[in-house]
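Here come two complexes built around subunit A, the first alongside subunit B, the second alongside subunit C.
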Partner chain A sequence: MTTLHNTSTHSRPIPNPAKSLITKLNMGTGTVVGILFALGAYYALRPAADAANFYNQQNKALLAGMFAWSIGFLVGIGAFIGPFRWLIGKDLTAEEQLYLAGDGQGIKRYFKYCTDHKVVGIQYLVGVMAMLGVGGTMAMMIRTSLAIPGGHFVGATIYNSLVGLHGITMIIAMIIVATGPFGNYIMPIMIGARDMAFPRLNALSWWVLFTAIPVLCSAWFLGGIPTGWTAYAPLSVQAGPGMNAFIATIIIFAFSTAVAGMNITATVVAMRAKGMKWNRVPIFVIGATMSVALAIPAFPTFMLAMVQTATDRVFNTGFYDANVGGSGWLYAHLFWIMGHPEVYVILLPGVAILMEIAPVFVRKPLFSFNAAVMGFAGIAGLSVLVWAHHMYISGWTPTLNGPFMVTTEMISVPTGLLFLVLLGTIWRGKPWMKLPMLALFAVIWNLLIGGITGIYLSDVPADNYLHGSMYVTAHFHYTLMGAALTGAVAGLAYWFPKMTGRMLNERAGYISFWFTQIGFQILFLGMFIAGAEGQPRRVVSFAAMYKYQNMISTGGAYLVGTGFIILLWAVIHSWRKGDIAPQNPWGAKTLEWTVPYPVPLENFDELPVITSDPYGYGKGN
Partner chain B sequence: MSNHDEPDLKPTPGARATALLKRPDVARTAVFTIIWTAIFVVLGLVFYPKWMPTIMSTDMKAMERIMVAFTVISAPIAGLVMGIATQAVTNRHKGDTPPPDGPAIRTNGPVVVVWSLVSGIFALVAVVWGIAELNTMANAATTDAKEAIHVQVIGSQWVWSFKYVDQGVESDKLILPIDRPVEFDVTSEDVNHSFWPVQLGVKVDANKLQTTTVHTVPNKLGAIDVKCAELCGLYHAYMETSGEVVTEDNFKNWVTANGGHNA
Partner chain C sequence: MQTTTSGTTSSKRLISALVFVVLGVAVVGAVGFTLHSLSADPQKPLYATKSSETIVVDGKTYPKASATLGVYPDKATAAEDGYKINKKDYVQYGPSTHLVLPAHTYVTVTIHAYDGGEQLNNPYFGKVVGTVGGTINIDGVDVSNVASDNVQHTFTLHGIPSTSQDPLFVNVPLPQVKEGDKGFLPTQDPGTHFKGHTVTFSFITGGAGDYVWNCEYPCGDGSYAKFGAAMSTYGYMSGKVTVK
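This part shows the complex of A and B:
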């Protein structure tokens, strides 16, 4: 990207508003206040052991405790100091605001309510890696349990909980895996902004999300969840106390996504550098913005579905209870109206990262920026009209299966455009086989398999057979893990030098890549076959005829697990001791590579002025 | 970019196609495309039929036809995608410095249009095929309605039971006569279940206080596995039973032996 100004750094005095309360608040005070709030709410509402409606009362007390924890934590970390001052007609002082930006506070600022988008980006990165680690560990336990027929490794209760909590942990992690770390750390720099549009909301989005993590973990200590991550009613209404943790997690997470989504969208719409017209915006920014903008209307329906589940459980409202005129189909609709846009919320940023990477590593312009934008927009637009393809066999109005089949299969056209952009960009180029580029080839294969199997599933007669089988599980893992997660790993390898100042260990990166990708193919090939042969998903035990397929799957899963452990080692080792990275190791032309490491507070001394798009590679350009 | 020193002679489309195919990268891409296409076709024609369970109904046959046909139809597109990717991998650049600049291709209008059209046509084929199959299934359900036997399927945590309404028989095994249409009226006593007689290729959810219907015609003698395809709580995995498609005579005998009456 052409810029008219260079940037340089100069040191600022470190602000120290010693008397202000905000200097004393951090994650520790947040945790203490949060626990006090939680215990207060729980014990205030706790039912007597012989109370009538004991389970309703217990659900109420637990939910109140969980929400009180979240609010208490935010009080304790100082999230409400600014809004409180507004109520009395004041605001934070300039010095306090500068203190909140965390400049010069070293590692402490990562544990504070810090408004710097780069700090929030790192918080998200570490948080996402932790969640992927937990979700991955649960996946390993699931596969270990399925290694042999009969399910002797864990019992049915634990197995069902593992399936559901693996699902929701991974879904949450995957929703934020690209837009969290890279959308916060890199994107504002990419568009030439000094920070996000609403830095305090940015900090809020992370810490709200953070409060959801202990709530989700508490499900284990409350007996787990029996429902899978889809949490279908009426099963979820009759489920035990662990279900409250699931409900509270979703409601808290929906707040976080709404705040983050609006903030990122506002930043991209309003804060772009001078001259950065829409056709000069880097494609990652376009894809990530469409993803978060799609999440803004999607998640409230999930939140609503969970609020209704909660009121069914606490007040017997019967939204989903057929006995009193409710319907489980209502839940399924609300869930999938979120659920299908959600998979594209996950997929779009992953593909957008690869589109950002491809021109840099083949030294050619992005092939057809317009096709890329149309592809993203087409997917985002169609994805809100396809939800009932998850309900073909639910028995709900079979006459509408035809229309939903049409909308679903139309998605293959904009998806085809995304393929065209990637293939057109590498066409006639010499791809530089660094880790990000290797990942691009893996994603082409994985998304192709995931996409084509999706076309079978979108066809009603085929879905009549395949729905609810392991085939579906394999299909969506190809799109979400094979494509979106691999894309995010490519982004990590690509932006690691900018986010940590060091290069990601190349050898370990390659070894991890081959372990995860080869293991992945073995793992889900076995699952495709078992599914085509008729093995249902989410089963703790299966017939002997699926023995070898499942054994193969489990073997593949261990390879994937090994690969991710190696990647984790590479990230930790490289972050501490890796080779110092040059300012622009890949020779890229987007703005984030024009600033040094550590990126100064507010990023640019003088804001850049943009005169072309960032893809001016190639002869004659 | 045109060169003004030379006369502006445009090559004919045929000559351009020939020149294109002579380019080594294009030729390599074509070879890889053919290889990948062949792999996907073999996958569709050989492996899918191999993985599918015994086909015991028209619906299962329709389902297998879709899997095979879609794989074969999409094989050239998937083959081209993998062909281009494989060609790029063979042309890779190693080392610690970026590769030399490639040609500055910003876009190619005809390619974008043709690509969109082809994926649009593919989607259209899939849609039309699917709707035609849906139509066939709906028509069959209507025309068969009179002669169909009605089986009420009741799912409860965690067992299936079957009521043969016209015959007055209750059973925990699904016994069906061959070549006679059957209508399953499915319901649940508690949470959602999903009724899946695997070899018959149909499936429908069981909902409390609702009756959902699915129709098929068993056309092969043999055993059926009945499973639950919707997570329904603790023993979801064990919510299965067996069944059998039997001859008309054997079915009548089975009905009589179980205290029912043959209509």
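This part shows the complex of A and C:
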């Protein structure tokens, strides 16, 4: 919620919000203005069919159209009204700011430029679920196509696009899966704040991200993305018009994450409740803040890589073209300088959620808060020094393979601290085996498998054999899906009562859990075997010797898909008709459980004062 | 019947969950079958014509079969040969890029080639590989190699990696139609396409299997270093061979 001005000193009459422009703008007006902007930009720059440099001009027109859509949508939904009014000296009135915060607007506020952090959290939650649904559907297509050798359920061109679009859709969804919904809805309440530090930027981060979704979808209608999500140059420079959608998506998304990252960091640094010293900050907040702080330097490099790809495609600048002095390695570096920290951007909040959950469900204090913080900090620090392990076999400076192997393997140490904290917390406890706790055990197993298999990939000789194989695919799915996504599902089950006022259907949650976790093991253990035997990833055809491994993997994928459909039902059904949740169903001690549902606009009647850490179970406080 | 605090009976809940799962599976299935149909082969397969004759090669007797293809610079030229297939105006093979050949057979393929060209990326594909005798016949002359700057397209047949089917690799370079050579003469009148080159070659199929073939001369549009459009769209400069 934005800070309200003292209106009694206002020299101008206060306009009635009902007549103000902001009351008339919403997702619909944004879409209309966005489409008009996009069409205008595209047709202004559209090349003639016989233009000499037709492909350069076509790329320019398409990129301009996509960025114009994004800007137009933001204009149409009213994102710039606040800054514009400030610029002309007519800042928003108190009533208008209250309106922007969604006060008294019911469900309509979810379709508006709403500054309430709780609304933004729900927008992220629904958006993430939609993205995971789309990405998951594409995963099912991929696995169906790989069910039998030469199955070719979809053609090779469509398969290539499926692999690329599944990858980037899931990466985007996973980056925001925890910090988006929970970082926005729960975190400000957890630290005792009335809202985020910059509520308008908070809304901006969501709606900017929203504009990237249709842009990414447009790739399907522009010939697809043939490069995989890594978009390696020079293939991405040479690729057809669908590649423009990928480029625009990444640039828009990087802007969104930068805004969100700065906002979350500023909120945690500046807006904690009185008495909430750093060692009293809930561990989820620490993990989420480390994650977004890590994203702040990481994503601009990806954005830069995409800007250079765009200029290569539009202006023939040749950043990545060896013929004119460019280098494909430059792209690989820029990509992986983002790419490896990015997996920790995804992983840290998921693990932090589990650390938040573990003390609650075993009724014990968190085992070594300091070790947890050191683990997060160690991972965040080391993760920016490991990127070139993705380039061992690229031929780039082989003498640096050794140092990068060392830094990569060193990251096992802070990761081990996180395991230690989780295991130490549940050690000799009596777990209350609710869905969040089940997920915790699943993550411990999955992250163990993902971590151990990662050590082989960090090892130069082993990586020479395993790189580019299904083994790699299985490894990173164990960490990203098995650990981070399962952690996020745990967070959903844990905070669902606070975000919706209802309990998540427990039986459906259990059924979904066992379907997804059993299916997951079948799916990716089969893939490990195929990969270790040499099956290459991203290839539509495979040799008959991998027949059974792939058949097993596809069977596992169907179980996972069924499990997630059940979870989706549980969420929708529980949200509409679930049992009414008490204010603090888990008996937790963090601040979000001290406020009622619906959470008041400014969260607290009186800002809390913190006198102890939030994990004092068994200490009598 | 158990009733929850919000008034939903457990049987209603179970039914709604089952319906939801069925709907979810249906949505995913519908997406899948849409993509499947989009990527389905729009062409009818071209079946090789079997002959009653046999031939002895390396002491083994094989039945004979034959097939005829054309390779055209555009859709209109293909239509002049009667190949009115619903294809884009790309360089293309016709009448179909899906060949069905009999197993363990001496197959003779005739390709009428009407296009020009520039330079192969990889001179290897200028060599004849996998044909009977290691040669192809171009307008009546047997050759085992075409200069890499004189190739218009290639017919390069690979196997899908598999241990369960016989290997089959055939590479046939097709010479360019150039001004001044005999392939440049008009067939009927100046308004029609040129006579082109007639390239004939034979190879022996093994057991049943699925194979893919493609042109190795980058003849697509300006994207993907000329590997876009015709080169990256199934059914133009690539296809499959089913041996059965």
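Note that in this section the second predicted complex is superposed on the first by the 601 of 621 C-alpha atoms of A that agree within 3 Å, B and C clash if a C-alpha of one lies under 4 Å from a C-alpha of the other, contacts with A are read in each partner's own complex, and residues count from 1 in each chain.
By definition in this document, contacts are C-beta pairs under 8 Å (C-beta built on N, C-alpha and C of every residue); 3 or more make two chains touch, one makes a residue touch a chain.
All of these numbers come straight from a predicted model, not from anything done at the bench.
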Which superposed partner A:157 touches (first subunit B, second subunit C, both, neither): both
Partner chain in contact with A:43 - subunit B first, subunit C second, else both or neither: neither
Superposed model, subunit A: greater residue contact from subunit B or subunit C: B
Which superposed partner A:278 touches (first subunit B, second subunit C, both, neither): neither
Which of subunit B and subunit C A:541 touches, first, second, both or neither: both
Touched partner set for A:455, first subunit B, second subunit C, both or neither: first
Contacts of A:618 with subunit B and subunit C, given as first, second, both or neither: first
Which of subunit B and subunit C A:579 touches, first, second, both or neither: second
First (subunit B), second (subunit C), both or neither touched by A:315: neither
Touched partner set for A:86, first subunit B, second subunit C, both or neither: neither
Touching both subunit B and subunit C, residues of subunit A: 156-157, 226, 234-235, 238, 541-543
In the complex, subunit C residues that touch subunit A: 4-8, 13, 16-17, 20-21, 24-25, 27-28, 31-32, 35-36, 38-40, 160-164, 210, 221-225, 227-228, 232-234
Interfacial residue positions of subunit B with respect to subunit A in the complex: 1, 25, 48, 51-53, 59-60, 62-63, 66-67, 70-71, 74, 78, 81-82, 84-85, 88-89, 91-95, 98-108, 111-112, 115-116, 118-120, 122-123, 126-127, 129-131, 133-134, 137, 186, 190-192, 194, 196, 198, 201-205, 207-210, 212-213, 225, 227-238
Touch list for subunit A against partner subunit C, complex: 54-55, 137, 140-141, 144, 149-150, 152-158, 162, 226, 234-235, 238-240, 502, 505, 508, 541-545, 561-562, 565-566, 568-570, 572-573, 577-580
Subunit A - residues contacting subunit B, complex: 151, 156-157, 160, 163, 226-228, 230, 232, 234-235, 238, 322-323, 327-329, 360-365, 367-371, 393-395, 401-402, 405-406, 409-410, 412-413, 415-417, 419-420, 423-424, 426-433, 441, 444-445, 448, 452, 455-456, 458-462, 464-465, 467-469, 529, 532-534, 536-543, 586-587, 617-621
